[in-house]
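Next come two complexes, and both contain subunit A; in the first it sits with subunit B, in the second with subunit C.
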Partner chain A sequence: MDSRRRAPVIGPKVRQVGFVTPNADSPGEGVMEKEAGNLTTNSPTPVTIAPTRPVIEIPHSLKADPVAVPSPSHRRGNEVDIPSAPTASYNPNDSVLDGSSLPSSKGGSTINDVYGSLVSESVAESSPLGRPTGSTVGAFAERVKQKTSDSAIGSAVIDGGVASGKPGKGSKANNRGIPALSSSDAKSSEAPADGSKPLKERTSKAERRAKQEADRAAKLAGKGTGGGAGGDPNAQTKNSKGKKDNAPEKKSVQAPEKKGSDKSSENQKKKEVPAPRLQFDDKERVAKSKRRSLVEQTETKNRVELFRHLPQFVYGTQLPSLEAKFFQDDAMHPHPAVYQVGLQYLTGDIVGGNARCVAMLMALRSMIIDYETPPEKTLVRDLVTRTNNHVNFLITCRPLSISMGNAIRLLKAKIAKLDPSLPEAEAKASLIADIDTFMLEKIVFADKEIVKHAVTKIRDGDVVLTHGYSSVVEMILVRAKEMGKKFRVVVIDSRPKLEGRRLLRSLLSKDIHCTYTHTNAVPYIMQEVTRVFLGAASVLANGTVYARVGTACVAMVAHSCGVPVMICCETYKFHERVQLDSITSNELGDPDALVKVAGRKESALEGWADNEHLQLLNLTYDATPADYVSMIITELGMVPPTSVPVILREYRKEPAV
Partner chain B sequence: MKADKAVEDVGESAKVAGGVTFEWLRQAEDASLLTTPARPTATDHGDSSFSVIEEFNYWRMQPDLAEAVAAIKALTAVIRRSQASTMMGLEIELKNASEALKAWDETSIPLSAGCDLFLRYVTRTTALEYEDIRAGKARLIERGERFGEISQKARRTIAMLGQDFILNGSTILTHGFSRVVLNLLKLAASNGKHFNVICTEGRPDNTGAKVAIELLAAGIPVTLILDSGVGYMMEKVDMLLVGAEGVVESGGIINYIGTFQSALVARSMNKPVYVAAESYKFARLYPLEQRDLGPSPCHVEFVEPVPEDAKVENTARDYTPPNYLTLLFTDLGVLTPSAVSDELIQLYL
Partner chain C sequence: MNFQVVVLAGGVSKKLHPLVSKDVPKALLPLGNKPVLSYVLELLETSSLKEIILVVAGEDAALCVSNWVAETVHDRLRVEVIAAPEDSDTADALRSVMHRLTAEDFLVVSGDLVSDVPIGAVAATHRRQGALITALLCNRALLGSSEPGSEKIKLQPVSDIIGLDSTQQHLLYVAPGAEIERDLRVRRSLLRAVGNMEIRTDLVDAHLYAFNRLLVQGVLESRPTIKSIKQDLVPYLVRTQLRLGVPSTTVGSPAEDKDNQHPPSLPDTEVFAQLLRSSQCQHRATASSSPLKCCTYIASKGKFCVRVNSLQAYLDMNREIAGEAIHLTGYEVSSHNNVIHETSQLGWKSTVGPQCMLGEGSTLGERCSVKRSVVGRHCRIGSNVKIMNSVVMDYVTVEDGCTIQNSIICSNANLQERCCLKDCQVGTGYIVTARLELKGEALAKKEKL
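So, the complex of A and B:
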């Protein structure tokens, strides 16, 4: 525990507005730099003031405290353009992330407020402080110490502040430099426990931590880093512009969170296993992640208990807020290409593992092309931070698919391995080449290989069954037809997405004889079927196939009828985790989509949300056990499902090397 | 036993080396080099494809040599006679020779498995080989010649591993004629185990009689039954032990016709099914159904004359899916069917 605490402490993240204006990327940088003990990069790394939590009222005087505040000039030039929401006007209680109320009630202005405050430019500008100097920091540290001794509350605040220091970084989603949501959250998983501790205990921890911080601050005073930060909790709380400080909950979670992110960069090499996902039934973390997010989201009502650990937000509310921000181009907003892709995910224009992954990689590629290293930052760290931000944004639009997750891990690993002495243009060119190679090898060529292997399994006279829409299966069937094989296809479709129609249209245009039906007819039609080809979102380490909901039913019926089931999946989608059921990890779709039935004006389920006894569940994926799968066709050949760990072992060594 | 230890050592070194080692080749290195009769190479190498087949046939006739090994020896001869000036050129010649061999007997799985294996090994070696062509060739020839040992050594290893599974007083059912299985049974008997063997008649090749002769010579009591008597006898049997012509990627086996049926009966009556196969029989095939195997007709003689209009289905082999198999005894160790794919991936990818 202690070691964890120590790591993040070094650089309290500048969260809020308060005074510090962290350099746009400094928070993230700050954290990482601190780990490395390199505290000189951004001079102002300031006193990260962990915004969260502290509920305590801070004497107004503190607000004006000349605590180290990084001069806004270090941030991007456009900081000044940000609509300055006067500090005073922001009311933390109005935080958009107050889950229960609809964002719309707050109106767009809140968002602006939030962002404006987040940027803390306004505050920074108004702050008399320029660069934080060592002395300032030291002075601050002193003050913090005093505060600590003064009152329990103060110390509690400090604790909150200190703790939040780390997370402060996180909360600054706007301020960028936020580590990837899920991974850091995962790491900070230990934290949550703290939140529930009684005040007393926290005080003691806070005291210790404050002391630590103060010591460090003093040590770092010379470097001008905001060691003492623990971020002035007081100041922070005050400046609850600090956004989303709706947290009456003390978030000691934040500290661990930051540690988590620190650790992640440190442990990148060790860590080939992705961190567990954010569990959404943990209120603290959800609130925390909300604070960080760029997009407002409200949770739906009437959630199914069994799936509480998965996020579910009201669809459609994100669009207006996203559109408003589209043209804001500054450090905290994603690159327009990424924005566009995010919107396309949101509206469902881009679906499918390969399509989403390619779209995301192309968008990140554009981002890298347009990227310029800000002064006094290293490309490697800044770019990783930037990428994390963008990925977080995409996650809020739609949770990542496994293919996207793997691609991002690879990309981050490549960025991390860049030679720091490489000039920017070369580094960017190398990254772009890597992305292109990845897409070409792992997706385009892999698909060609899969098609080559799979068509050998289609013989004349076969009746091939498939479910939903899979890009690879489409390619296989089209190729088999081109090769002159005589076969017919049965397309199984399922509500509400009805993706099978897309496949149907495409096959019919190639003159393939098709039969179309829905999942309820599968046992009936299976008697005529000789082969089943299915696509997958991923194949897990124990051979379980993670694919569109409905796949498991089809595979089970096929197995019981003795029909071989072939899963077609590229190896980049394989994942090391093991899943035994479809509940532990899944994606919840919009329940309202179940309400509408095509061809009917009125639905029997209208007004379902008002009925407290009725819950609608719209799952996106399901898990098919390995026993039902006859073979998995990958670009490496045809393998039994038990060989997935072998492939992971033999072929995923590369990134680590 | 020494052989066991050798096997373990090899296994360990294979693991240490990063999993790409060709384990059984290393075993061959330990084995003594058999003096093989020199094959007079009378031909101009321009005619290599033809001579490859001749070579192959020559080696096949050696009594103890498996088909796969014969193929490898033939390919080694190609290397010896090759006049290519680069490793790539050599590889291309070998590929052509291998294609010719495979085309000559399309139905033989061990043949194609052996060719693939050797070619794969060659590709691996040439990738690492930066020396001049002569050194590379010499090394390949040396390796190829050692393959002969592998046949013997592999069988010895398998016999050692497998005989532990034979308990005193047990009854073993066997089907088809496999030298590996015979070795195993003979070794067990010579180690003092008492057991008896039931073997099927094995129509149309009458394998049952051949097996019976060998086993009786080793002093093992044998009972011959009809092929259709497997279901009847299964309750008296403790295990089913068969060889394999090929082991496919899913872990299933391709063997003499009737194996699948016996395995089916054994499985349904909860009797273990063991397969004894050398690792060079692992092939990169993945059949889903019986139909997926290439045709391999054999000559069937019916006692009663067959009417003109009746059709005869005379396939000589069938495919047993992995879920009916319990364990495979190979020179790489005792494997479960799913481990076969593991080995294949390590070898081929």
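So, the complex of A and C:
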């Protein structure tokens, strides 16, 4: 206990939050490496990293690759002193790959503007600022290439050398990375960053360019010598595999030769940028989309300034209007099962990431069962549009969660990949089988695996803290109890949903010793806690955990008290996008939920909508920076948050995803 | 949306005795100069429910109703009129059409319902909850609201005692109010499953139900003692909902029916188990698993929802329809807040007050006054006639100097000179002799009595 309390590390972190940034500004890396070293030696979380884990199966391609896979076991073997070295995944090699795949990834619409420009600049010289230095880049690159080909292994070393020239850059980026929950913070921190960025870019541009080239050369050289004749095709496949499969080959091994075609690839990339998410402060578009939707959506009047871009509707009006149309509009009407699920989302009968996702998949499944291809249409095309319509309907009921987005993307990919010559019955059967396997493998079995892993982290005498309700955490605790472990649980809850009560009820029915309190008592209760288990709605590529609001607060307090924070999340919820704050993308709950206080007849906030000076904010999610997360427990094993990109890259490339 | 609609139009009701007869079954009783049934059909039509199965008790009544249907609504709705045995109760009537139902769920609507509650909402609630039965409950209507200011305003007598759970979504207990004297018997298992129950007497069962077809089919087949939907079937389902929860799909229903919908090759069991697990998680309030399958939709306060099932209700409804609920009829209201058909003629110094209706082709003599009343079509009303709080149906002849108060005069009746009727019901074709003064009597032709 004492050793944990030693040094609460918090405050102005100089560690990188994003995983792409080091690529964008390599100078930060040297500093960062040092910092990370310091940090992790200070950090009182070594206990969280499991020594061995047979479940993590590192694909062969990975093992052959010089890229260090941040499999904790591997790391453990090499560097005993730095157990959670996050730099492992910052290896320039994979960051090049990820950099190219990132902007093209479908869901990446919320990447911060500044952030996005950083990435794109580093990948394809899209910024006009980069042009003047173009010639020097080439020259520099040549020099570095020579150097690197001499020392075939030492890409990392070179990075360090180059990087040491420019300290301080990384720290800037970092400060911005920590999500600013309050509006003023976000704004003030954003502005200076914007101003100072381009200057830095210009100077470091050449070096970055050089480094990229050098890395590629080094890699090629390494392959050539190591793999012999089979080396080249191998490398190629590996590289293309590294991308998200819907991203076209943009920057593969032949990138140096492709310089001339940079323009075209840039164009291509522009096309790939996903349609911007509907910003709800854009009045015209909102009006347009409203006309199309089945659900009547009246927006609330006084919305919080900072969150105007998010949809917020008067909750009371949606349900009756939808119900009144129950029997109408047969043509545009969704399938009854989908309709039912939509209603359940709307009324809050189904909550929780997994439950919502399963309900949606079951609904879509029965939609497919009842589907008949209309005459003169092909199943593949028509079913995709039909699915889109149904999903749009569900979105009007409640915005999709990230996990649901992933599942839909998968389903649509499956439909698109169907052989058009397949008879309808078979095509439907195969789709249904796909949905079933998805539900089984990614949700049911994944949960079981997570429970298996997580239970090993609960020891006798532990005090486990959890926040709100997470189905996985519930299973873990129940399983631990069944195994006869002696521990007690602290359930942290928060208004207005009070989901923790549900967990509390189920734990108490299993005779688990519980303490129940609200978020405001977290700092106090954290003194006695030894483990924090939290659920998540999604884990983003930079390790940010996107979860039920309140999670960040719990994780931060736990971190400052030196309590390991373990996030339990199935990998199907992982997402490629990067999010630094919880403002750009979030979901607004019903503000009236804040007004009602259980057991009180009159509320002080009655009639708040008429008061123009008052705005209520009921956020649904928040983002926890990776710094505060000790470990993410997935069905593939326990990984540090920095390894999320690796999982995204390596496990999302099954033909389907 | 996989719903079918059954309208139980009833036959010749005994409660509405002098008003209904072989020629005028209950469904065709004029209410605001339109048959009662038309209100239900219009309600269904606004919800885009166009295929309707109409069950009428008695062959003669069925013939009348189907004639009316063929005349008026056949172009908009597809109504299938089915005759049930004359003395059959609601559940029997339902049995007789059960074989025609194929959809997953069906709605049962009482033919005497006058309401503007969106039926879609009831069906949507039913679907959303995955319920076995969903009942529409409405607030008890005010009675005697006719004379504002008088102390006659009172609530309808307690007709139902209804137990709801804390979310007010589930129906836990139903009992007819009249039978309850002092004790309520509630199952302990139910209380254990729910935690707490709210017992309310201010709600009325509106006789609009959404049923799960397979379940009801099973119950109706296995229990021939169930005679009435309201008195037997619904209480039975509510009582046994804890047990019904799971096996309803397997026991009460042909299981193969369910299986046919899914390709048999799939590993369904696991997925369904998973779904069950997650769906059990839905209900936050009732914790682990929610076995409650009987749900309710409570009509919001502003909605109108009354059944025409008694003389008093009929009279009240006519006033309501002519007054506050005029929007249900679709008539256009004049500047004097009344509806007077353009072909009707008013004599010299005759007045028709607000909240009145005067049907097509009716004529009023001199110095008449009509207050808060509904006068049907082609009536001939003489001079110096006073009609207050009353309903005068079609083709009625009222001769000079009559006074009609709080009464119902059926079609083709004839009131001779200087009659004075108060709180009376005059049957079809009855002739009230001159200068008669009557109070609180039901008059009908001899053979009817």
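Simple rule for what comes next: the second predicted complex is superposed on the first by the 374 of 657 C-alpha atoms of A that agree within 3 Å, B and C clash if a C-alpha of one lies under 4 Å from a C-alpha of the other, contacts with A are read in each partner's own complex, and residues count from 1 in each chain.
Basically, a residue touches a chain if its C-beta (ideal position, glycine included) is under 8 Å from a C-beta of that chain, and two chains touch if they have at least 3 such contacts.
Model, not experiment: these values are computed from the prediction.
Because the two structures share subunit A, they can be overlaid on it, and in that overlay subunit B and subunit C fit beside each other without clashing. Look at A:631: by the touch rule set out above, it reaches subunit B but stays clear of subunit C. When subunit A is checked against subunit B and against subunit C, the one touching more of its residues turns out to be C. With both structures placed on the common chain, the touch criterion links A:504 to neither subunit B nor subunit C. Contacts of A:564 after superposition on the shared chain: subunit B is touched, whereas subunit C is not.
Look at A:432: by the touch rule set out above, it reaches subunit C but stays clear of subunit B. Of the two partner chains placed by superposition, only subunit B is touched by A:642; subunit C is not. After superposing the two complexes on their shared chain, the closest approach between C-alpha atoms of subunit B and subunit C is 26 Å.
Of all residues in subunit C, only 1-3, 47-49, 104, 118-121, 123-125, 127-130, 261-263, 265-267, 270-271, 274-275, 278-279, 281-284, 287-288 touch subunit A in the complex they form. Within the complex formed with subunit A, the residues of subunit B that make contact are 19, 249-251, 284, 286, 288-289, 291, 322, 338, 341-342, 345-346, 348-349.
Chain contact summary for the complex, subunit A toward subunit C: residues 320, 322-330, 333, 336, 339-340, 343-344, 347-352, 354-355, 358-359, 362, 369, 425, 428-429, 432-433, 436, 439-440, 443-444, 471, 499, 502, 505-506, 509. Against subunit B, the residues of subunit A that register as touching in their complex are 457, 459, 564, 630-631, 636-640, 642-643, 646-647, 650-651.
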